[in-house]
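Lettered A, B, C and D in written order, each chain numbered from 1.
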Amino acid sequence: MELRSEKGKMLHPAFKEIRRVYGFDEVALVPGDVTLNPEQVDTSFRVRDLSFRVPILAAAMDGVVDPRFAICLGKLGGMGVLNLEGVQTRYECPDEILGQIINAPLDMLTPLLQKIYAAPIRENFITERIRQIKEGGIPCAVSITPAYTKRFAPVAIEAGVDILVVQSTVTTARHTSKSLQGLIFSELCQKVPVPVIVGNCVSYSAALELMQAGAEGILVGVGPGASCTTREVLGIGVPQVTATMDCAAARESYLKETGRYVVVITDGGIRSGGDFCKAIASGSDAVMLGAALACSQESPGRGYHWGMANPHPALPRGTRIRVGTSASLEQILFGPTSVTDGTQNLVGALRTAMGVCGAATIREMQQVEMVIAPAIKTEGKLLQIIQQSE
Amino acid sequence: MELRSEKGKMLHPAFKEIRRVYGFDEVALVPGDVTLNPEQVDTSFRVRDLSFRVPILAAAMDGVVDPRFAICLGKLGGMGVLNLEGVQTRYECPDEILGQIINAPLDMLTPLLQKIYAAPIRENFITERIRQIKEGGIPCAVSITPAYTKRFAPVAIEAGVDILVVQSTVTTARHTSKSLQGLIFSELCQKVPVPVIVGNCVSYSAALELMQAGAEGILVGVGPGASCTTREVLGIGVPQVTATMDCAAARESYLKETGRYVVVITDGGIRSGGDFCKAIASGSDAVMLGAALACSQESPGRGYHWGMANPHPALPRGTRIRVGTSASLEQILFGPTSVTDGTQNLVGALRTAMGVCGAATIREMQQVEMVIAPAIKTEGKLLQIIQQSE
Amino acid sequence: MELRSEKGKMLHPAFKEIRRVYGFDEVALVPGDVTLNPEQVDTSFRVRDLSFRVPILAAAMDGVVDPRFAICLGKLGGMGVLNLEGVQTRYECPDEILGQIINAPLDMLTPLLQKIYAAPIRENFITERIRQIKEGGIPCAVSITPAYTKRFAPVAIEAGVDILVVQSTVTTARHTSKSLQGLIFSELCQKVPVPVIVGNCVSYSAALELMQAGAEGILVGVGPGASCTTREVLGIGVPQVTATMDCAAARESYLKETGRYVVVITDGGIRSGGDFCKAIASGSDAVMLGAALACSQESPGRGYHWGMANPHPALPRGTRIRVGTSASLEQILFGPTSVTDGTQNLVGALRTAMGVCGAATIREMQQVEMVIAPAIKTEGKLLQIIQQSE
Amino acid sequence: MELRSEKGKMLHPAFKEIRRVYGFDEVALVPGDVTLNPEQVDTSFRVRDLSFRVPILAAAMDGVVDPRFAICLGKLGGMGVLNLEGVQTRYECPDEILGQIINAPLDMLTPLLQKIYAAPIRENFITERIRQIKEGGIPCAVSITPAYTKRFAPVAIEAGVDILVVQSTVTTARHTSKSLQGLIFSELCQKVPVPVIVGNCVSYSAALELMQAGAEGILVGVGPGASCTTREVLGIGVPQVTATMDCAAARESYLKETGRYVVVITDGGIRSGGDFCKAIASGSDAVMLGAALACSQESPGRGYHWGMANPHPALPRGTRIRVGTSASLEQILFGPTSVTDGTQNLVGALRTAMGVCGAATIREMQQVEMVIAPAIKTEGKLLQIIQQSE
């Protein structure tokens, strides 16, 4: 590629090509030529032989999921993922610790989190928490970072976990490390008897390698979450629409080649029914929600939400945000609601959008037409935002 | 299509293509090489054998149109559309109910609307309202949703209605429903003796199918209205410039094929004379206005305006906004005015713009050059907006 | 052109093509490979045999130019244009009327202006004002609208005017009017013994026709001025960078064909030295300034500025803005200054920019490289703007 | 190139081509397919035979670098550049003068700066300041403008300086000046026994000429700095991502042709670890920081920062901004930190980003994939910004 320029300046080769990518606020869905009644659509997705009626996972964050919440979400048809490296597995009485986090003044928070998350993870707590969830009669999903997977995955398997999520800010099939012997994903996926969901990734090639390593699901998203500042701190991040489309493209290539369907889960940045619908239309099978569920009455964060990169000892990223406790988890998922901003009745919104777009299944919803339509701030909108702040 | 990427990353197929679409705030009209005196232009449009001097329809919303308003607009040359599923046909004394809506505190509004709009629609009220409008000596247009069309269209026809508008958020020629036997538009259009206007739609193919089914007019617009939050809640919506251009392209294709001219009406998102002119230049024959007319002294909303998706029992969308009562309907349409923000003398603005662009008719105005020129918020503009809010 | 779309949707023809256009806030200049000392550059431009050291015209607006101001600017090397249809030619003592405009409350302003500008234009005042300016020993330029040109141009010529500006919001070589016999520009340009500058226009073809009709200069700009709301009211307007580039392209075509060089003058939207430099780099020979000069101590508006479309009896556009009186005209043009926002020492800024870009003349400055670089509002910038407003 | 337009308008040639360029807020980095542990990456860069562990230069600005600060930064692995035309070489006791600048009311500042920087530069102070820095046992770098290079470079060389930075707003290999005999860079680079870093430039061709003249390093950036208003005043400036990419493209061309590697240093506009990482990924070897280091406890500006174009006698650009004193220089470079906005632990951020992108060296980091992903202001973000301002 060459760049042209003006007035005697020589043409010159480009240093690198950069392509335009897109996030939720920049796209919109186009209604279909056929429409369906919302009650006729099927929103379920499947991880190996486990089927979930509601394509929503709760993020493995301490303000979102504890065993009680996981059971509640599981009974409603979704999947709560318990963080095996959070307060639940470091403390006997996590509720007390959560209270400290919630009540800390904001400028004291990061040091406090850095201290709280320095306590050791205890294997007996892992076992206990999984036992609690399994007693709810629902599938149990837990999350571990790659560095701890070798150590804690066997404990979780032993305790009867149903789905293993291996997750860090960015996870690749090929991690190079001097100090530790790296986790080899293909070995892990073969060895453990349960489906492994891996993340996060944002590119075609990284997603494809994780699929080839045997992952049953891929978490998509680096940098977009409400409580995350990875993009400010590291400059890294791909907006969710493009990230999901690229990973979904990998899923299609892999499916065509092998016949195996790997679930793509958009993780982060979804604040409303509209974003939820756009994530599916970008190619995902389900979404992972943090802040959007943290505001349920059942969440352990009691109206607060904070990122799991926030306690990082050297390079903390993210912050605690006040999300409030607006409604029950059931209302957030299924309504009824009198709220008109898209934060409640998420599944109802998906059903209605699928109907309007003529998509009977998630797989069909992935195919609907999407357009680039930036949500421009008009003067009226700006005035409204300013007045809202007062 | 393939996407290239950098540094050893494999080229990969795109999951889907997305194209850029445009709204009113992103475009502007280019003056012509010839200019005309405004008094020489013709702004009329025609629905079958009914001709309207003023290419403006009032939206079928309870804060905008009641029989008295419809008569007033009709006499001025436009068309008011009465909602057959609003308070006018559910209550003996709609003014009392409108008073409740207007006086409700904003946080109590949606539940109140949900309750008010749960009252049954009464056929005798339909007949009575149409009779009231017809007494005004103007053509009477009413709006029904597809689900109620089979039941209420005959009542309206019987009562002497002149134009039937069949309208819901998204309407297609092919709706699939288990519970109800769907409305078949081609049958409807053949059976009823009056012209049928159908909407809303936003795409070439959906518009074309509605034209092929026999519609005399197409309402264009999903998600753009001032009191509408469909895009936040469902993620669905196409900005009005592109939506109108695509539906107008369908009109041209259909015209070329059949010789029949179908009216395209841009519905929603038009706040000023500038937007009105841009809608016509995007290919529409007329516009449907909500908030822009709700602020007339003659509107039943007495300075308030709310969306007809707001009372939705499960997925309410939209909100009530205060629009004020700035002027008489006549001033809003024809001036004179001392207001310089484009909200008054809408027809004068269209005439002047047509003159400046050298367009003698609506059909010529559809052909004028338009450019993509985003209304960028400069610092001065932002300061002004902030100060305005105080 | 055809548009592709997704999933079974048929490909469809585009209704019209729209191209992206640009304004000052979206572009920036690229330094040259050679740099010059600012004192070595020549900023002059020429209208037929009249040469001006400073490529700045003062807009024919009542808050900007009166005879005293015109003389002051003329002596400094620029050109003030007196409005022959403003208060100067309607009133014996314009200063008194200006005082009324300045002191009116903003919500009473438009009706007051509508009344003030309804007073008749008196030929003896035209003669008197031109005499006053000529006494200053500088070339005298005056502005008339096309509708009044036949009537008042002879009066102005008789009084000894040096340059005739024929200007309205949009002026074309071919205006169609039933009531009046239109002004034929080619006749006018041949008949009058002085150079004629015509405007405003924004497109290649309109500019070319005006050049072919014999104009010596073209005013470029519809909709961009600080006190103008044409874009809101009519939807019409092309941002100044593209408008200037397109009219300059017409100038180049016309020059190549005929050997005659027509001056292109960017009129409106220039708020700072940066905008001034970008206008020249877009292809103009000079700029016309309104608000940027209205804030001089010598301006008749005493710190206020209003648009000449604001008094329009039926469709008023624009508003009065407070610009303050920041400095003497000499300081605004040449400094010295302690202001760092680009509003003072405009000629110094142009000289420095020309030096940095390696342009020795205006003609060379028209050739410098320009890039599309939107002035994105960062968080820091937004915070600053908000704090500034308080 | 030809532009098409609509409706009978003639096609016309474009006046000039303009290409889209990008800044930090518009791009983001894509994680790699391989990831590395941060401790395995090498962040060093080299200027001829001098190697620096930390790819950070402190800007030659009086609020950032004095001899004490230069020593401190040098010991930590970076390079502080002392301004030979600032207060350090004009005054015996610069700290007193700095105190005046810091304590002046903002509206009195520019005239005060204009006065302070009118004092003569004294050669004995140059010698003394260099001696002070060399005593710290680190390489000494100083900055001179081209106009003073002939006069002061020999003094600096004599005093034992290690790196000579020749810097002005825009510097080209070919400057034309009537009054002074221009500096010939190729002669300078040959004559002086130390490496010469030259700047600033932003284009391929200008950078290439400076490399051909013998520069060991190129400073990239015109207009982007926090305390700089060059773009407002002159209209000149290229955003840093494109500027860096274009100069890096010149570096690659020159390297391929000659085998000599010239260091590219992005100077200005870097406010966070994210920007730092993006600058390297755009092709630079190191960055020059102003405001980002001015907030260290060791900076002479004691929490304030101002541009070196601000004291310009005729065309002052920039302003003094309050940056605060947030942390020690060591913390800003290496942490530990509890701040999550990316302003501290800059080197840690770079190491982490390199690890996530799979880049073991700066040279590999220059190759990582980058995408265009504008940082869109969502409503939540805008609300946050507005609330922050209060």
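In this text, a residue touches a chain if its C-beta (ideal position, glycine included) is under 8 Å from a C-beta of that chain, and two chains touch if they have at least 3 such contacts.
The model shown is predicted, which means the values in this text are computed figures rather than measured ones.
Visitor: Moving only between chains that touch, what is the shortest number of steps from chain B to chain C?
Guide: Tracing touching chains, the least step count from chain B to chain C comes to 1.
Visitor: Quick check: superposing chain B onto chain D on C-alpha atoms, how many degrees is the rotation, to the nearest 5?
Guide: Superposing chain B on chain D takes a rotation of 180 degrees, nearest 5.
Visitor: Same residues or different residues: which describes how chain A and chain D meet, taking over half shared numbers as same?
Guide: Because under half of the interface numbers appear in both copies, chain D and chain A meet with different residues.
Visitor: Counting in whole Å, what is the centre-to-centre distance of chain A and chain C, each centre being its mean C-alpha position?
Guide: 54
Visitor: Centroid of chain A to centroid of chain B, CA atoms only: how many Å?
Guide: 38
Visitor: Send over the residues of chain D in touch with two or more other chains.
Guide: If we look for residues of chain D contacting two or more partner chains, we find 5-6, 9, 16, 19, 33, 203, 205, 367, 369-370, 375, 377, 382, 386.
Visitor: Along chain B, where are the residues that touch chain C in the complex?
Guide: Going through chain B, the ones touching chain C are 16-17, 19, 22, 27-37, 39-40, 203-205, 208, 245-246, 248-250, 252-253, 272-278, 281-283, 335-342, 345, 348-349, 352-353, 356-358, 367, 369-373, 375-380, 382-383, 386-387.
Visitor: Across the complex, what residues on chain D touch chain C?
Guide: Per the touch definition, chain D meets chain C at residues 3-6, 9-10, 12-16, 18-21, 23, 25-26, 110-111, 114, 169-179, 201-203, 205-206, 209, 222-223, 226, 229, 231-239, 242, 271, 310, 313-319, 374-375, 377, 381-382, 385-386, 388-389.
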